[in-house]
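Shared chain: chain A. Partners: chain B in the first complex, chain C in the second.
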Partner chain A sequence: MATVAIARSKPGATRRPAKKGAKRGGKWSPWLFALPALVVYVAFLVYPAVSSLWFSLTDWDGLSATYNFVGLDNYAKLPSDPVVATAVRNNLIWTIVTIIVPTVIGLALAIALNGKVHGKPILRMVFYTPAVLPLVSIASIWGWLYNPQYGAINSFLRLIGLDGLAQPWLGQDSTALWAVMVPAIWLRTGFPMLLYLAALQGIPNELYEAATVDGASRWQQFWHVTMPGLRPAHYIVLALSLIDSFKVFDMIYAMTYGGPGTATQVMGTWMYANVFQYYQAGYGTAIAVVITLVAIAVGIPYVRSQTREAS
Partner chain B sequence: MTIAPVRVEAAVPTEPEPVSRPSKGRRGLVMTLVLAVTAIFWISPLALLVITAVRPLADFIGNGPLSWPDEFTWSNFKDAWGIGNFATTYRNSAFLALMKVPLGVAISAMLGFALAKLRMKFRRTVMFTVFLGLTIPIYITIVPVFIMMRGAGATDSLFGLIGPYLAFGIPFEVLVLQSFFRQIPDEIIEAAKVDGAGDWRIFFTIVLPLSTPALVTVAILDAVATWNEFLFALILLNSDANKTIPVGLLNFQGQFANNNTGLAAGILIAVVPILIAYMLLQRWIVGGLTAGATKG
Partner chain C sequence: MTTEPTTPPPRTTGSSFTRRGFLGLTSAAVAGVGLSACTGGGASTGSGATAAATNNLRVFTYEGDETIDLFKAQMKAFDQQAGTTTTVESLPGSGAAVYPDKLRTQLLGGKGPDVWRIWGGQIGAPFAKAKQALDLSPYYSKFGWDSKINTAAISGMTFDGVKSGVPFVSLGIGAWYNKSLLAKAGVSGPPTTYAELEAMNDKLVAVGVTPCGLGGKYGWDIMRLFEYLLEHTAGPELHDKLLTGAESWDRPEVVEAFALFKKWQDKKWLPQGALGLDPADIEPAYVQGKTAYTITGPWTEAASILSAKKNPAGFGSFELPTDQSPARHSGFVEGYMINAKSGNADKAAELIDFIVKPATQKALQVSASTVKGAEPDAKSLPLSYEWSQKYGSNPFYTIQDQAFPKKQADQYFSVQSDILQGSVTPDAAAKKMQEIVSAWAKG
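Up next, the complex of A and B:
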C-alpha cells in the first residue's frame, strides 16, 4: 500500500514544476482537441464564405463549367438594381422593427411576470412556444391566418364589423412586409422575455425598498432601478437580435417568396432568386457578400466582448 | 429560429423570489388576468390550428374559421400524413438530428475544452474566428457548398447536410460550452494532473461529467435548430425520398392551398414533435437560455 502511494506521488511531484510549460501530452495536445471542430468549421463555413468572395468577382451563371473574372462589375451593378434598393430598405425596416418591437413586448411581459402572478411557468412557456417552431411552419400558420377568404384574421375583422379592413394582407405591396413581420415578432418575443425575466430576478429587492423609502414613484423606480439593472441583458438582447435580423430568409421565402412582385424582397431572398432562378450566381453572390459584410461589422463588438470575457 | 448564443451556468431555472411589496394580492390577481388574456391571444394561432385540423372541410367552410366545430374528425390527419409524405420526412429529420447532434456536441466540447482549460497557442485568434461564425448568414455559403457537394456526389443525400449543419452549429455550441468549462475550478484539474491523469482522461472523467447540464442544454437547442433548418435542405435535397420536415411542409403547403383543414392538420403533424419535446424539456431550454443573462 505504501509503495503504491509513493509510486503515485512521485511522478506527480516531478510533474508539478513543469505545469507552466508543456502539459502532459505536449504542446500539441490542445490542438488534438481543437482540430475536429476546426476542420469542419473551416471546411463548411469559412471556406465556402471566403470562396463566395471569389464567385462574386465572376460572371458565373451557376450552371456552366466556365466563367470569367469580371472584377468588381457585379458590385458596380448593385446600385442601379431597383430590387436591391427595395431589399436594402426592407432589410433596414425588418432590422429596426424586429428588434424594437419584440424587445419592448418581451420586457413588458417579463416585468409583468416578475410580479406576484399565478401560473408563472405556464405563462412563460406559452410566450416562448413560437420560438421553438420551425420558421417554415410559422410561415405556413400565418399564411393560413392571412388567407383573404378563409383566413382567421379577415374573418375576425368581419365578425367585429370592420369589414372594410379585411384585405389580402400578403397579396398587396402596402401591407405585405408588415404582415410578414408580425409572425417574426410573434416568434422573437419569447427570447428577450426569458432573458429579462432572469435578469430581473438578479436585481436586489433592497434597491426597490430604498427607492420606495426615498419616495420614488413606480415610474421612477423603473427608470432608475430596473433599467440600469437590466443593462447586461439589454446588451445581449440587442446584440443577438441584431445578428439574427440580418439572417432573415426562411420566413420571407416561405411566406411571400419576395412578392407580391418584389415588394418583400430582402438581400437574402434576392440573392437566392438571382442564383437559383435567374442563373446569375456571380451577381447573386455579390448581394450576399454585401449583406454579410454588414452583418459581420455590426456583430464584431459582440464577438469581441465574448472573446475578451473568456480570456 | 437560429438559436441564440448565451452562456449557460446552470440548467435549472431558479424560480423568482416572491417580491414582497405592499398591496400585492389585488394587483397580482389583476396582473394574472391581464397576462392570461394576453397568453390566450398569443397562443390563438396554434389553438385555431388545432380546432381547424379536427373538423371536416365542409364544416370549416360552412361555419367559418372562428366558429366551434359542429363535428369532429381525424380524417384530415390521415389525408395529410399520406399526401405530405410525413413518414419519410419524419424519418429523414430524425436521422439527421441523431447523426448531427451527438457529433456536433462532441467535437464542440473538445474544442471548448481546449479553449477553456488547455494552454493553446493562438487561443484568442481561434476563439474570435469561431465566434465570428455566429454572424455569418447561411446564404453566403450556399453556392460554394452546393458546388462542393456536387463535386463529392453528396447532393440529394442526407449525409451531404451533416458537414454544413455541424459547421453552423459549432460557434454557438463552443461559445456556451467553453464558458461553462471555464467555471470548473482549476484546482480539480490540477489535482487530477498530480495523480497522473492526461488531458483526455481529465476531459472524459472530470470535465464532461461536471458539465452535464450544459451538454444537455446545448444538445437540445442544437436538435431544435437541426430539426428546423431549411435553407441547406432546400438547395441540397431534390427527391421526395430525402426531404426533411421543413422542406416537405413547404411542398405540402402548395398542394393543400385550398384544403384548409388538411393544411392545418399537416402543419400540426410537422410541429407536434417539437412542441411535445419543448414541453417536456422546457426546464432545460429556459434555464440554458437565461442563465447567462444575469451575469451578462
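Up next, the complex of A and C:
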C-alpha cells in the first residue's frame, strides 16, 4: 500500500508548483479571470438595469436634474392605460405569428432544399438574403410596396381585377399590424431554414432506410424520424424566435410609427414613446421593467429545459 | 494504512450550482438587457457640470439637403470671423417626430450640442423647463435682439417668462398648388371662400386628380387640414380658447370640424390611405403632378420645387379661406437654444447673433425670417417672397402640435385617425378631445 501511496504521490509532486500557484490566487482565481468581463457586464448591463429599476419608482421626466420618489405609482397606472392593453394584445399576436409562421416556412424550405433540388445554393441565398438586410431598408421597401395608390401590391391586385382587395394596408387599424408582420416573417424565415438545413444533414440516412423497410410512409418518416432528429434545432429556433419577438420595435417604429393612432403600438414602442417623447421616463421605465419580467417568466422554462438536457 | 492519502469527497454541489447558476445568470442577463435598453442616460441626471471652454462649437439642426450646404458655408464664415471651429450635425426629414428625441438623448449623454435648432411652443418647452436650455435674457440685452427680432416670434420661444430661444423664422402654413392641375380641372384661380375650395376639390376629383396631398404617418401632417377646418368652423377667438383648454371641445363647432374632416376623406379629396402615408413622400406629390396641392409652408419652394429643378412659375400658394375675420393661417416659430452646460455660451450666443443678422438670413435663404431687413429674395425664392408679401403680415394661430405637449398631440392624432376610419362619430370625437385637453389643462 505504501508503494501505491508513493506511486500516487509522484504525479502530485510534479504538480506542486501549480498547487502553490492556485493557493496564491486561492478561491478568487476564477473571479480574477472573469473580472474584465464582469466589469463590462456590471457597467453596461447591471448598473443601467438597476438605475432603470430605480427610475421606475420615480416621476423623472427624462430631462430634468431632479425627480421625486413615487413608489409603485407608475406600475399602478399601467392597467388603466388603454394603450398598454392594445400593446399587450399586439405583442401577443406578434409573438405567436412571428414564431410559428417563419419556423414552419423555414422548416418546409429546409426539407425542400435538403432533397435533390437544382440551384440549391442560389435558392438558399435567395431565402436567406432578407435576414441580412438592414431593417430600415426593409421597412422602406415594404412601405413602398404597400403604398395604397402606387404600390406594387395594390397595382397587382388592380391588374388582375381584384380592385376590391386593394387596401390602404398601413393606413387602417384592421390591416396595419398584419401588414407589418408580413415583412417580419419574410426576413425571419431564412435563419430557421439554415438551422434546420444543417440539422437535417445530421440525421443518419440509415434511419430513413430502416423506416422505409418497415413500411413507413413519407409522412410517418417526417413525424417519427425527421422531427425527433431536429429536436435540438427546435430549441434553438424557438428560443431565438422568442427573443426576437420580445424585441419587436424597429419594424413597427419604421413602418407605422405605432399608428394609425395607436393601432400598432407594442410594449417596446410604447415604452419608447413615454421615455423619449412624452417626458415620462419614470412611467416608461416601469413599462420596461414589466417587459423584462415577462421575458424572464417566459424564458425560464426554456432555460430549465436546456439545463436539464445538458445534465 | 495510515499513509494512504484520503481522496477528497466529490463536490456534490458542483452540478446543482452549474444549473442554477446558468439559470440565474441567464435570467440576470435577460433582465439586464431588457432594463438597460431603457434609460442609459440615467447617470447624467445628477451631472450639472459645465464643459470646459474651448473654441469648438457644435450645432445640431434639421436643415434639409437643399439648405445644409448654405448653412455650413455660413458657419465657416462665422468661424473665420470669431476664430472658432464649428461642426454641424443635421437630422433632416423626420420633422418634430424624431429630432427632439435625438437631441434629448445627446443632452442626457453629456455630449449635447452647444447650440441647437428647435421649434417653439410645446416642442421647445421641455428643454427650457428642464433647464437644459440656457436663459438667454442677458444675451438679448447684449445683442439687442428684442429690437431686431419680431416680438410675437420671441414670445413663441419664451417659456414661463424665460427667453430660452432666439427665433429666426416664423412660418405660415397655406396651400401650395400646381397651376397646371388646377387649369386641367378648369379652375381659374385659388379659392377665396371655403365653398369655393370644396367646389375646386370636386372639379379636381372629376378630372382624376387627388386634390390635397397629406400623409398621416406621424399625425402632424394631416393635422394641418383639421386645424384649418376648426379655424373655419370655430373662428379665431374660440379656436384660441380651445387650444388652451379655456373652452370645452364638446361643442357644435368642433363636431362640425370633425364632420368636415371625414367629408374630405369620403369625397376622395385626400389620397387613398392617407393615414398610412409618409409626409415626406406625399407632400412633394403636387410638384410631381400627382396631387393638386398640399398644406405646407414656404420651405417647400426650396425643398420640393427648386430641388426637383422645376420652374417656380408653375406653382403658387394661397391662404386657406376660413370665411372668418380676421383671416388667419396656421403658423409656428423656430429658433436656436444654447446648452446650459456649454462651456462656450458666449461664443454660442455670438454664433446665434451672427445667424440672425439680415445678411446671414438672406444667405441662408430663410423664407420667412423674423429679422427686419431679411425678407426673402424675390429672384431666388419668388414664391416665398410672394407669400410673405400677400399673407406674411396676417395673424396666425398656433400650429396644433406646438399648442399641445407631445403626448396630448399624439392622443389628438389618434382621434383624427379614428374619425377618418369611421370608428368614432364626430360627436364622440369632440367629447374625446375634451377629455384629452381638460386632463392636460388640469394637470
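Here is the rule we use: the second predicted complex is superposed on the first by the 264 of 311 C-alpha atoms of A that agree within 3 Å, B and C clash if a C-alpha of one lies under 4 Å from a C-alpha of the other, contacts with A are read in each partner's own complex, and residues count from 1 in each chain.
Note that a residue touches a chain if its C-beta (ideal position, glycine included) is under 8 Å from a C-beta of that chain, and two chains touch if they have at least 3 such contacts.
As the structure is a computational prediction, the values presented were derived from the model and not from experiment.
Participant: Chain A residues in contact: does chain B have more, or chain C?
Facilitator: B
Participant: Considering only the touch criterion stated at the top, classify A:Gly62 as touching first (chain B), second (chain C), both, or neither.
Facilitator: In the superposed model, A:Gly62 contacts both chain B and chain C.
Participant: Does chain B (first) or chain C (second) touch A:Val88, or do both, or does neither?
Facilitator: A:Val88: touches no partner chain.
Participant: Touch check for A:Ala211: first (chain B), second (chain C), both, or neither?
Facilitator: In the superposition, A:Ala211 touches no partner, neither chain B nor chain C.
Participant: Using the touch definition from the top, say if A:Lys27 reaches chain B (first), chain C (second), both or neither.
Facilitator: first
Participant: Per the contact definition in the header, classify A:Val266: touching chain B only (first), chain C only (second), both, or neither.
Facilitator: neither
Participant: According to the stated criteria, A:Phe44 is in contact with first (chain B), second (chain C), both, or neither; which is it?
Facilitator: both
Participant: Going by the contact rule set out at the top, does A:Val132 touch chain B (first), chain C (second), both, or neither?
Facilitator: The first partner, chain B, only.
Participant: Given the touch rule stated above, what does A:Ile99 touch, chain B (first), chain C (second), both, or neither?
Facilitator: neither
Participant: Using the superposition on chain A described above, determine whether A:Pro148 touches chain B (first), chain C (second), both, or neither.
Facilitator: second
Participant: If I apply the document's touch criterion, which positions on chain A are contacted by chain B in one structure and by chain C in the other?
Facilitator: Common to the two interfaces on chain A: residues 8, 41, 44-49, 51-52, 55, 62, 143, 147, 271, 275-276, 281, 284-285, 288-289, 291-292, 295-296, 299-300, 303-304, 307, 311.
Participant: Applying the document's contact rule, which stretches of chain A touch chain B when the two form their complex?
Facilitator: 8, 11-12, 15-16, 19, 23-25, 27, 29-31, 33-34, 36-38, 40-41, 43-49, 51-52, 55, 62, 109, 112-120, 123-137, 140-145, 147, 150-152, 155-156, 159, 186-188, 191, 194-202, 205, 208, 212, 231-233, 235-236, 240, 243-244, 246-247, 249-250, 253-254, 268, 271-272, 275-276, 281, 284-285, 288-289, 291-292, 295-296, 298-300, 302-304, 306-307, 310-311
Participant: What part of chain B is in contact with chain A in the complex they form?
Facilitator: Its residues touching chain A are 1-2, 4-6, 13-21, 24-25, 27-29, 31-32, 34-36, 38-39, 42-43, 45-46, 48-49, 60-61, 64-66, 107-108, 110-111, 113-116, 118-121, 123-124, 126-145, 148, 163-164, 166-168, 170-171, 174-175, 178-179, 182, 190, 193-196, 198-200, 203, 224, 227-228, 230-231, 234-235, 245-247, 249-250, 253, 260, 263-264, 267, 270-271, 274-275, 278-279, 282, 285-286, 289-296.
Participant: Would you pull the chain A residues touching chain C in the complex into a rising list?
Facilitator: Where chain A meets chain C, its residues are 1-2, 4-5, 8-9, 41, 44-55, 60-67, 143, 146-149, 167-173, 176, 256-257, 259-263, 271, 273, 275-281, 284-285, 288-289, 291-292, 295-296, 299-300, 303-304, 307-308, 311.
Participant: What does chain C use to touch chain A in their complex?
Facilitator: 1, 3-5, 15, 18-19, 22-23, 26-43, 45-46, 48, 97, 100-101, 104-105, 107-108, 126-127, 129-132, 210, 216-219, 271-278, 281, 290, 405-407, 410, 413-415, 417-418, 421, 423
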